[in-house]
Each structure stands twice: as structure tokens, then as C-alpha cells.
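Letters A, B and C mark the chains as written, and numbering starts fresh at 1 in each.
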Amino acid sequence: MDESGERVVDFKKSNLHVMGYSIPVDRYLSLDELNQHLYSLPEQPDAIPYVTSYYSPRWGFCLSHKQRQALQPGEYRVVIQSELKPGVLNYAELVIPGTSTEEVFLSTYICHPSMANNELSGPVVTTALVRWLQSLENRRYTYRIVFIPETIGSIVYLSQHLAHLKQNVIAGFNITCIGDDRCYSFLPSRDGDTLSDRAALHVLKHIGPNCKHYTWLDRGSDERQYCSPGIDLPIATSMRSKYGEYPEYHTSLDDLTLVTPSGLAGGFNALRQAIEVIENNVKPKINVYGEPQLGKRGLYPVISKKERNEEVRTMINFISYCDGERSLLEIADLLREPLNDLKGILHVLVEHGLIDIVEK
Amino acid sequence: MDESGERVVDFKKSNLHVMGYSIPVDRYLSLDELNQHLYSLPEQPDAIPYVTSYYSPRWGFCLSHKQRQALQPGEYRVVIQSELKPGVLNYAELVIPGTSTEEVFLSTYICHPSMANNELSGPVVTTALVRWLQSLENRRYTYRIVFIPETIGSIVYLSQHLAHLKQNVIAGFNITCIGDDRCYSFLPSRDGDTLSDRAALHVLKHIGPNCKHYTWLDRGSDERQYCSPGIDLPIATSMRSKYGEYPEYHTSLDDLTLVTPSGLAGGFNALRQAIEVIENNVKPKINVYGEPQLGKRGLYPVISKKERNEEVRTMINFISYCDGERSLLEIADLLREPLNDLKGILHVLVEHGLIDIVEK
Amino acid sequence: MDESGERVVDFKKSNLHVMGYSIPVDRYLSLDELNQHLYSLPEQPDAIPYVTSYYSPRWGFCLSHKQRQALQPGEYRVVIQSELKPGVLNYAELVIPGTSTEEVFLSTYICHPSMANNELSGPVVTTALVRWLQSLENRRYTYRIVFIPETIGSIVYLSQHLAHLKQNVIAGFNITCIGDDRCYSFLPSRDGDTLSDRAALHVLKHIGPNCKHYTWLDRGSDERQYCSPGIDLPIATSMRSKYGEYPEYHTSLDDLTLVTPSGLAGGFNALRQAIEVIENNVKPKINVYGEPQLGKRGLYPVISKKERNEEVRTMINFISYCDGERSLLEIADLLREPLNDLKGILHVLVEHGLIDIVEK
């Protein structure tokens, strides 16, 4: 509040105005003294930055650089009515059972939801995935979904569930930055070649050919815990614009002009399809020798012509790899086709008794 | 035959005029009715297409599009004196014994030999290979050669010999499209890295640097059976212009203007050399420590000069890889030399007692 | 000496003037007869070539092509006071003990030291490395250093120490052509992926990005013996301008205008750093689960800002790979950082009790 009694920054207008984990304060200061507690971004004069002080007892205000530059010399009153005290760490956890006790683990975070892409998009898309998973008639795998505060939440969750997760989780995703429309981004697990990585990359190859591929060195979210040495869970991250890589990141500009319905739908789609890949990644095995006679099963045009039927071609190529050793995902990559497009073929061939599923 | 009694198409002029597996017919039809049984290629107006109807009881005539467009309205008599009935599937089989019971398997097909590159070139070059194999004083491997109808022939042959082939065949080739002069083409086995693949590719790297490399997805001949899941024979295909990839394919234009003596000789050469690679692919092992003193054996120029003798260099490089683990083919690839050029060096070194053959 | 009694070539002026291993001679010849015993380089008219006749009883003189062309017809007296007789092969050997009996083997040669890059630079840099190694307070490995004549010396040394070397040597370098300023060059071991290769290449990637990479086929020094089949020592060669690849090679022009203090220092540096990589190539293992809290250990800035501290980033990346399976060299390559720069981080983390050394 300035000398005239006007509130310069007000938590009710934006909760970013108060630095995260500020200690309580109620004092009068000069502008020079106040300036030592202000945070703004000269290169983004309209943005209020998101700043926190996790482990150091400080206080501060975040505001746009324009607003800061408009402050006149004089006496200011600063009031932060915070309280730092022992509390509890709450998180939400949901288990959706499947046929197998093997689990797919989905983790999203809830610690600064006033920003849209990073991070409210994560809980939003995760909720949509939960609804979709619950609507499925059959689920091969069990799904474990957690909504936690980033970093400290995943550490706490791991401290309580590590043995169970290591024993049961066969794939999983950290769900964040999944709502804007600019591009897809992929951040691999530390291993880089887990089922999660291969499933997500397979989908992005087909739906996001301009996907930006980051490396483990570019990480910065809960994969830091889930993939750390000794934990080693197979967690990959399919995103839209990655945290730290877009100008609005960690400012008030990360809002609903950046995150859009189509951006959210595209993010949901990348994750849903990756989960479908994992659900459907069986090992098919042809049970006859040689290329089967499809014509008498009504699966092949009876007139041989110069122009081959593309669909039959895909079916024949598919069959040629059904050796019981290659998974559907491997076959789809060999055929350069989306796994999704092969599910119908697989179904028909199983129906006709040509293909057995070796490993479900 | 048209109304004037003139034979419009005559099987005696080209056996492609009658669609393969036509049922017998003797009827009078209008041009409109007839047109439903005619096959021509508008984009290749001079070519008679090759069309078959394997499993559907139909009849039809194939003719050039020019000829078809010249047909006048009126009544036509159509006569096909065919007979579809149970019969026998004949194939030719030849076994040329070698020192080892391990076999190299050569397969070529004989079902539509009125076309030249695909397919008469196959039996022609295979016959030349047989003569050459029979002329060899020593053969390391036994050679099994079959002349069969495509697809159904290989299926029948496999049904009678599968156990024997799986136990004995260490390499082999499907011999087709091996007579024109345009290029070399290579189609790998399903595995893609069998001895057959490596031997054929080694040769093509040296004699056909512009070779077109296809993938398993481009297959379309008897490798479909020989390499299918559960059969898994190591059969690769070195060709000239590949079936389905040249304009004259499966038409009357695939004739002796396309297939030439030099085209056949080049195809023969690619296959003969690949077989030579397989025959000579031993594992040599030097039996002294360190680089042997070649001078006192008369193998090294005694004056050391700035310009090294290239031949001695190759010999020394060759020796440096004779560790008893690398095969001659691997060494040739490491040295970027044709295996053929190393046979002389190997012979000299074995003669001088420097090299032992670990595995013959 | 010509007819006027003038010494045309004199061993005292350059010991290259007499062909190596010349037999004794004291005769009078015409210029034509003499010419059959002269060696010069028309394309390098100022250079005296280095020529030897190892195993053939000959004699000859080497001189610049300019000097040769100035010779007038007439009678010449030739005198070579050599003696070819059974003798001894001397070599120097030094063992500097370390904590482990495992050895790093350094070999350099001493047979034609009147030329500077190839070869006096080798013994000079090796001597500097010995002084540096002796100055170290702790050495993880034992160092075995030999000064030998090329080829015959390494063969003799191997004949006496093979079993010991095969049992103990874990890495090593052939030290030659290590004194000029033009570039770095690397010649791999026969295996190509030994610890020596990986350590040397890691260093050259950072200090010599324009390094010329040769293959085993380009070899020509004592790696021919050390890496030959059945010997198989892990010996690689980091050089400056490689033997055989620079115009002054094996001539009188390979002198101290080519080899410079900075050239020698750069060569020394490449080898010293490669040895440091080998000495420090431990397997670190983080002993906490998840990303450790660095702030409370004074290792992390407490205010989270948009610009991350690069040094902390490297430390966190480093920790993320400390799984007890990856070596420091592998981690450095994953982080694209010089191993040298990670030693400090490793030390701090070990001091703070966060990292254990799995394998020393």
C-alpha cells in the first residue's frame, strides 16, 4: 500500500504477487528498502513472475515490470499474513483395477495451479484420462494415478510405495505442460528405452512429426525422482510446450490464452494413444506355415492385378512378422504404421484362427 | 472372332491373351458384354497385360489397349478350350553334393516363362549356375536347386522338406528377375542379416555400387514362404530390375529387348560371386605372435621406401585380422576389399604355414 | 669423395646420408655406378631421405636431390666403415608402482632419433610423462614404461613379458609423432573400443575437435605388435601429425622447425589427460533415493529463478547418472563434459557423504 492508501499489489488480484513461502511481515518501508523485496522481469514488462523461496525465511512481492517502474518514492506498507508451520502433505491417489496386477503409473502435480500450461493442464488432462480409463470395458493393466505437489510430493509418495511400485509398474507417465497448441515435446526416462518411451515415441511419430525431442539432461519435473538411481521407474513425459522452454513459463502470462481446448485435446490424445499402445502390446504368432491363403477366407481380392490392394498388403506384411517374438509395437514400427491401425487387422486374424496371442 | 470371322485375339500369337485359369467358354456376345471380360492397360497401349484368376471361376482375354480400342460394335464369338481339373504339381530338383552335408539352397520359378526378366531369366541363370557348380573340383557345401511354380510350388516343396531344410540349409537365394541391364536390386531375407544377406550385399557393394536396396516390406516372391515365421530359412534375393518396379513387368513388353546377354551375365556374376563368398567364408588364424617377418619368406620388398607396396599392405592388414574369430567375409568388409581378392593372399599364407583355418 | 678430394656427403653432417644397415664398402666408382647406390627425392629437392635396408646386404647414400643433380661425371671414392655382426638389443624399462598391480603401459621408440616429430618427440614427451607420474602423490595404477627400437624392440619385449602384460595391462599408449603443432591425430587399437581408446578419444573430443581420426588400417608403428592377434593388448595412439601423413616425414626436414615447444606441450597434454581419465575412471553411486536436497548442504541457491545456475545443473545431472553401473568416463560422455571438470564435483559429493565409489 502506498502513502495514498492505494493497494499497489493485492493477493486477491493474483496469487503470484506474493513470493511463495514468504514469512509474515507487517512493516513500513521506503521505496529503496521495498525494492530489495520486489521481483519483476524487465524483458517481459507485462508479466508477473512466479517466484518461491523454499528453504530460506524471506518475504517478497512479484509484480509486472511496468507496475514496478510506476512506483513513486515514498513510504510503503507491506503486509503478508502468512504462517509457516508443520502441516500435512496431502495428495490424491486413485487405483483403477485391471485384469493384471501389473500397473501403469500416472503422476501429475498440483502445487501452482494458477498457471495454466504449467501446471493446471496436467490435472485436467489426467482427470480426462481417468474418465476414459474408467469407461473401458476391459483393462489389461491396473492404473495407479496420483495428484501430488511436485518434487516433495513424489519423494513422499515414493518413500511410502517404493517396493510396490518397483515390483508392479511396467510403464507410466508424468503428466505436465499438456495444454497448449504450439507443438509436442518429449522427455525420455533416464533409461531412454523403456516401454513408456517406446509407446510414447511411437504415437508422437505419427501424430506429432514435428515433436521436439529433449534429452534426460533437459528434465526438470518428477521424472527427476521417479527415474533416479535405485528408483528406476519407467516414467516418460509426453508434453505440449515443455516447462522452461516457452516465454510465458512461470509467469502470469501462462493463462487460458495459451492453453486451449484443442491444445488440451491434442495432449490428451497423445497420452491416451500411448496408453492404448501399452494395453494392446501383445505378441501375435501365426499358427500356419508359409503365407496363409487369404482368398478362401474372403480376405484377398481374387483377381491379381498390377495395383495391389494397400490394405491387403498391410495385412500380409503384418502376418509376416507374427513370429511370437516381436510385439505389436515392434511390428507397427517395422511396418511404419500406427499400432492403432493394426488392432483391427489383428482382431480379424485372431477371429479367423490364424493368429494366437503368445503373451497377453 | 468378330462378325467378319477374323480372330481378334489368338492364343497362338501370345499365350498372355487368355487370362490365366480361365474356365472354358464358347459363346456369342455383344461388344459391351465382351468388354466385361477384357483386360488392357490404357497407360501402356502397346502392352498385353498378364492377368490371372487363381481361385475364382472366370474367363477373360488380355489384349493391348490399342487393339481393344479398335474393336467395332457387333457380335463376337469367344472360345476358350481350357480344362480345370485335379492334376499334379511338377517341380524339378537337383542335389549337387559337397564335402559337407550343410546345404546352399537355390530356388527359381517356372510358372509364366513367356515373360523374360520376370521370369525366364531365373531358370536360365540358375541353369548356368548349376553348370558352373558341377564344374567345380571341390565344393564345400551341398547344393540343392529347385525349379518350381511360384508360391504354390514353394509351399508344396516346404511341406515335404521342411525338417530337412531347417536342419541343413545355411544359405540360399531365390533367383528371379535376373536378366536385364538396368541395375542391381537387393531384397533381404526377413531376418535381414543372414549369411545369404551378408554375402550378397558384400558382392553388390563391389560390383553394383548403384544397387537399389529394397526392404522386406517390398517382397513379393518365394521369400514370402521361405522366410515366413516358423520356416525362417536364410533366403535372400539378388536381382537386376525387381518385379513390380519396371514398366514392362507382367506384360508382353517383358521380352528379349529388355533381357540381354550382358544383363544375364551380370546377374549370373552377382550370384556366382555370392556363392563363392559362402564357399570361401572360413575363419583364418595366424599362428605366430606379432606381425610376421614377411621378407625372409620372400613376401616383402627389402628396401623400405616412402611409397608402400599396396599389395603387401593388404596382406599385412589381412593378417592383422586373422584372429580365428573373424570370418573371411568380415575381414573383407573391414578391409573394404572384395573377398575374391583375398583368396589368393589366404592361399599363399596357408601355403607358407602362417595361417591355420579354424573352421572349415 | 669426388676426384678433387672433396667430401660430397659426410656422415658427420647428417647421419641420414648413409643408408641404414649399409654393409662396409671402400671402392672407386664412376658416377653412373655410384648413382645405383644413391637415394634422393625429386619432389622434395632439399630433403635428405631416410632409407634403410634391414635384411638385404647392400650399401647406399642418401642425399638431397639438389646435391645429387650437382654431381659431375668422374670417379668417386665411397667409404662406409660399418660393421654388421651379432650384438645385443638394448631397451630401457621403468616401472612406477601404484596402489594396484594393474598396469598402464607406455611404449616409445628410439631407433632413428635424428628426426624430430617421428621420432625424438616420443622419448621427450614420455620422459615428461614419467616425471609427472613420479610427482603424483597417489597413483591408482602401476605404470610400465619402455623405450625400445620400433618393431624389433616391441617384438623382443613381448617375447619376454607377454604373459605378464596380458595379465596386468588394462590400458596403454604407443607414444610417437607427438611434437608438432599442426593437429591432433588418433589411431585406434585393433579392437577400437578399449579403455585406452575411450579415454584418449574423450580427451581429444574436448581439446582437439579437429583431430584427424585414422583407422586400424592406417597403422604403422608398434601397435602392429601390441594389438596383433593373440597379443591383444589395449594400446591406442594419440598423436600430433601422424607418421606417413606429413611431407617432412622420414626426411631431414623433420627437424626442430616442425617440432615446437607448444606442439610438444599439446601432445603431452593429450596423453596426460588420457592417463588422468584412466586414473579417475571410478564408478560413483548415489546412496540416497531421489534427487538429494542440495540446499541444506549449501550446494544449491535458495531462491528459485528462471535462470538456473549452470554449475548446479551439471552437479544434478552428474548425480542423476551415479547408479554404480556407469563409470565416470561414461557419465562425462553423457554429460558432454570433460571428465576433468567432473572430478571436483565428485570430490565434493564424496566429501558430503552423498556418493560412494563402487569400484576403485
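The criterion applied here is as follows: a contact is a pair of C-beta atoms (placed from the backbone, for glycine too) under 8 Å apart; a residue touches a chain by one contact, two chains touch by 3 or more.
Owing to the predicted nature of the structure, the values given are computational and were not obtained by experimental measurement.
S.K.: Thinking of each chain as a vertex joined to the chains it touches, would you call that graph a line, ring, star, complete, or other?
M.R.: complete
S.K.: Just send me the rotation angle from a CA overlay of subunit A on subunit B, rounded to the nearest 5 degrees.
M.R.: 120
S.K.: Does the subunit A and subunit C pair touch with the same residues on each side or with different residues, judged by whether over half of the numbers are shared?
M.R.: Different-residue interface.
S.K.: Using mean CA coordinates as chain centres, what's the subunit A-subunit C distance in Å?
M.R.: 51
S.K.: On subunit A, where are the residues touching two or more other chains?
M.R.: none
S.K.: Which residues of subunit B touch subunit A once you look at their complex with the stated criterion?
M.R.: Interface residues on the subunit B side: 41, 49, 51-56, 58, 151, 154-155, 158-159, 162, 190, 216-217, 219, 224-225, 227-232, 249-250.
S.K.: Touching residues of subunit B toward subunit C in the complex: what are they?
M.R.: 285-286, 289-291, 295-296, 302-306, 316-317, 320-324, 334-335
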